[in-house]
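Contents: one structure, followed by commentary.
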């Protein structure tokens, strides 16, 4: 147990381990207590970057609390971070972005490693699988994120007092983006596109809801396969339907083709949506360069009618001491700026530590109890930037809206995509971003 | 036993079998004719491997004639019409024994049994051994069929056709490529099985044909041109010119012998 | 045994090489699927490239029943009955697919079954009834929180629950078997029973006809077999067991997705397994899949069951890892670049080598070496008997 | 110097030892018959010469150059042709394409086809038909014709009269006899009278060895030597 | 609703557009499938790695373009460079194909065809992971199209062109042209050269063909190499088309349609492949139109491709132009 080299895997099935035995009792006094957290993120494969950002955010959160530098050697295996009198033993497992792999890993963590808590899941399909088959079965709480489907915390099947999410979700993308479109632009007819699985459906449903409530007409709605590429006909349809704005709920597998078609054609509407991770920006920026020609200018981008986009979090959208420190230590440690997913997982970690401090216990159930309704003190969106809503354990936080601009020299090294979010055009305060308790969309009442 | 009426098969423009009326009794009947006369095609029509352009095929069972014109090959086979092939056509990676055993098994109701071990069905194995004994392959029962020499494979062909107590045996050149001494063996074999079953034999070796047949039918360009006892057919001038006028020793030196009678003993050593 | 090994001096090496118990459970049920694939493909020579459709049917049936979504069958239906129901649905499906497909042979047969399977795959992916997000697939919900029981339905003493989290723990001779270990034995029991059933079919008169069809279908017809019916029968039997395998998988995992059940690459994995193990050997498929899994796990990362990568890391030590090679790549970076997440590369290589140099597969080669089937030959070797 | 010479040739199929030291020679211009019971290794001898089943031991020389270790197509390009016992025509090629495939030089195609069609007129009639749909005997004729058109120095002929009607046997015999003016032949033939008629010399093979040989001039098919090795 | 859509579908401009895009798709399918047909039809090797090699061709072609084209390169120069890239990729992959055939495919000829399927299946795993590793080094996202390569396309190929009432893209016309060139080239190779005859003879009976002096091994190597070369050339063409593009999933995206085309056409007939490519391309274009304009079911295009396969095999078990098995003698 004392061996914390990254390769050791404990096989605990033949007898309890010392740390789990002492966990409960070692409350407030000076002696250290250990919490083991199973972290599930993609650590390899095509979407490894999602896992990098999420994991590094989580580590940064704990490191911030422990006033140390975030550890850099964290591919998978075991990492320990100490904050105050609590030692965090993080068992990091690769989900390969696959629900099966994640389920197996999570089951193992719970069964053989006796983790107190789970954290992670970058895909909504993975997250709901883990919640149904592991969290609910084994009654081990999870701090979910950055899986973004709003459904997970708004659907009675998955939401529960074991499932917390600090990370922003698709409803928040839509609610802030939708409100901005409805209120700040002259767009009154919108066409919605989404990928035909949980993420894309959630995006479209939420946009529809918000836009209709704000008096905007939805003139059409289509779902396509992930990776769908024949966009011309579909975009023409939107044009014919009289759309003034189009919203797309897609990932990096589909967006480039959509943007390519949009930029290559002569469409009269704008495209809205969410500002995505660096890899998406990288590809989209490349698309813009290839269609609009290099070098990109702010003017060219504006004329292209792409944007503005909502952002859940990007490093340059918030100006406060916590964020400054975060961006600096993060950039130092990992060589890139924190991205879309990073603030959410940072906050998740920060909240866990806060819960342990408040409850004085390292039991999963106690931590979960303490998280209930908590306002998280240290977050990249400022002090008390996130609050867990009692009715569904989803944290609410502010969102911003920004235009894409060519990446400035200042960030060129640490961002590495051709475009980045500009200064926030608007900030949506936290009480307006999430699905309200009384909405029809809120199927969860805890 | 077996009869056809107006049996005709056309391939595109070519009439391979033309309006054949034929009846097989309990006898050994040989079917001869030049290459391409339609003998194999006729077999294929009888067994249902090909369906005729016109005409009928009937089989007598329990005294009544039954139309089997459109029956599939497995149906004709299970009604007792068994054949051997001109070109060896066996189960190459099964043992010699299994080749015959599986054919024997085809004619029982137990073939569809999937819960009992085959080893419980001694009768198939015993029968297969008997048949292999009869064709002279009993020393090779455990060898894979693909490792047999050509001659041995021909015997296996016949053995498979013998399995399952046939009502009629159709043998397509069982001697093709068999060496002289084995020719005698196979000839004896044919004569022996003809005691038990009606046999229709396609054969180019005239010694055998003339020696063993009760009756000879000659096919030429798809049509029957002669039908009768061997001696009569041999004497038939049409047959002479269409078919028998063949190779004779010494003919390479003097080319006058075409059409002359064959010595039945010649050609066998 | 396992633990003793792990704690011994060669613990690190052992852990690197041995698959985990959970993996072994997967080997069992997927092995059964591969066996059912080999049953039809290896013995009749008809490559059933859409076999995953039966596996998926079994898996989905179990989950749908547990979620109360199967007409007439409530969530409380015994698991053994669900397996049977899944199997029977697969039999019906096999008949329908086979009716059309068995008019073809060779590559055409492989392709039409693939075509059918993909049609089903696209269909279940879009069918809202099976799950809220059909694309992500269904999972066993709150209507069936307890573990699925294997044993004699209705008699609790003779049944044990399976599942890593839901499995029964059993005290046996002073040691405790965990839920996973219990699952291993219980699922193993079902797999073994299914294997013997298929083995029995192969050695029956019916099975001999299947082999005759593989060897020379035309001649099989000519000796009097209606091979079409035999093929259909064999396909139905094979579909039944494939569905049982799928049901065991769903019962243990409590979830399924179109990608891990109906997708054609699932059939591809079965093909890999039966080739590595030995095509047309039945049991070989199980060893083949074990081999495949072992290689994959060996090449996976820390915490996912040992593996080469963490072993190398520990073995080489941090200094060596940080040593730079060219430019700013370190040895550690290179190892990471080449190994991390690229297990498929090495599985592919191993597989290619197998096809090239061990064409008869593990079991096939062993049998040829020993002469006769393994079970028959081994005692003979051991006791020095000669045949 | 003999055209073809085999000395101490041993050949195996897997573990079974088929040729146990075959010695024979074929001189330029002659026709040599190879006789023997079924399964004694006649076909195997021909396959060994062609390196289809390479020998494990022994030497095979053609025009004083060793053939052992060459690829079959290299052996063939040195002027050896093969008429196999089971015909092996290309069933999905037309009759004409079968013949063309055997003629290496495009310029020789016309003459080659003429030769084939003159020997077997039926082939000309069926030149566009897929060879797989020919009758058994027609396929045999095609196989022989294909061997003849190849412009070879030595033809290895395996049971050319198998499955042929007597009349066609005569045609075959004549075609082979005519061809033997230009080409040397090693002939395997069950039809002993025919074999003796065509050949200048004979070898008798038994159990993978040459057990007897001689001139054909003064022997007949019921010669004691044949009775011994060919009858049971 | 459906009737309205049908009325719209049948208007000249819509139908014409569907036909042009169908032809363009057919041209791509024929390019993707012809290499597979050559190898599969003539050698009996079902090359599972075909899609992966197409993908490699797309990246290689893209690399050549990205390296040579700069922002200022004139459109015609770009087009010229593109043809150079196709030729270079064809040559490179032909060599690669030759190497693959001689080292790992050759030992398998005397085994049942399934082994070749298996081997190339393993090869696919290897190729795709190697590509992923290389992309990782250059920090390219394997799942999305390589945008820098797409950017080397001359502007005019992005623009529409009016053909009477029908509006089509220059890109479609360009693809149709290349498709025709490919078809004519391969047809001439197979029927006008002795090599074609040797290939067919060799694929039926290796021993006999070699006994006729044909170097069957060499023939097979050449066929395999050319087939792979064609896969690469097709990849280079796809690299410029945003609906395909150079990405790792391109391998799977091209493999299944190519299989369908080859099987629907019938084994071993190049004519069948061409006709099948037309059928499949048209079916694809038509369903794409219906999916975009009337039918919501997202799986539709994929479903229809497989239905084309299933229905063809039900109606004509040997494929459109396949030969029925030769009857037994």
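Order as written gives the chain letters A, B, C, D and E; numbering starts at 1 within each chain.
Quick note on the criterion: a residue touches a chain if its C-beta (ideal position, glycine included) is under 8 Å from a C-beta of that chain, and two chains touch if they have at least 3 such contacts.
Just so we're on the same page, UniProt names per chain: B = Branched-chain amino acid ABC transporter ATP-binding protein; C, E = Branched-chain amino acid ABC transporter permease; D = ABC transporter-like protein.
These numbers were taken from a predicted model, which means no experiment stands behind them.
Here the chain-to-chain distance from chain C to chain D, counted in touching steps, is 2.
Chain centres here are means of the Cα atoms, and by that rule the chain farthest away from chain D is A. With A-E and A-C as the two chain pairs, more C-beta contacts join A-C.
One inter-chain figure worth recording: chain A and chain D are separated by 79 Å, centre to centre, where each centre is the mean of the chain's CA atoms.
Centre to centre, using the average C-alpha position, chain B and chain D are separated by 28 Å. Note on chain placement: the centre of chain C and the centre of chain E lie 33 Å apart, centres being C-alpha means. Here the spacing of chain B and chain E, counted between their Cα centres, is 50 Å. Across the assembly, chain E contributes residues 132, 298-299, 302, 327-329 that each touch 2 or more other chains. For chain B, the set of residues that touch two or more other chains comprises 40, 49, 85-87, 89.
For chain D, the set of residues that touch two or more other chains comprises 133, 135-136. By the touch rule above, chain A contacts chain E in their complex via residues 46-47, 196, 222-225, 227, 229-230, 233-234, 237, 252-253, 255-257, 260-261, 264, 279, 282-283, 286-287, 289-291, 293-294, 416.
Residues 5-7, 9, 11, 13-14, 43-45, 48, 75-78, 91-94, 96, 99-100, 103-105, 107-108, 110-111, 124-125, 128-129, 132-134, 136-138, 151, 155, 157, 196-198, 201 of chain A are the ones touching chain C in the complex.
Chain B makes touch with chain D in their complex at residues 11, 32-37, 40, 86-87, 147, 149-152, 173, 176-182, 184-185, 204, 206, 243-252, 258, 262, 266-267, 269. Interface of chain C with chain B (complex): residues 200-201, 203-209, 211-212, 215-216, 218-227, 230, 233, 237. Taken in their complex, chain D has these residues touching chain B: 13, 16, 36-39, 43, 85-86, 122, 133-138, 140-141, 159, 161-170, 172-174, 177, 190-194, 196-198, 221-222, 226-227, 230-232.
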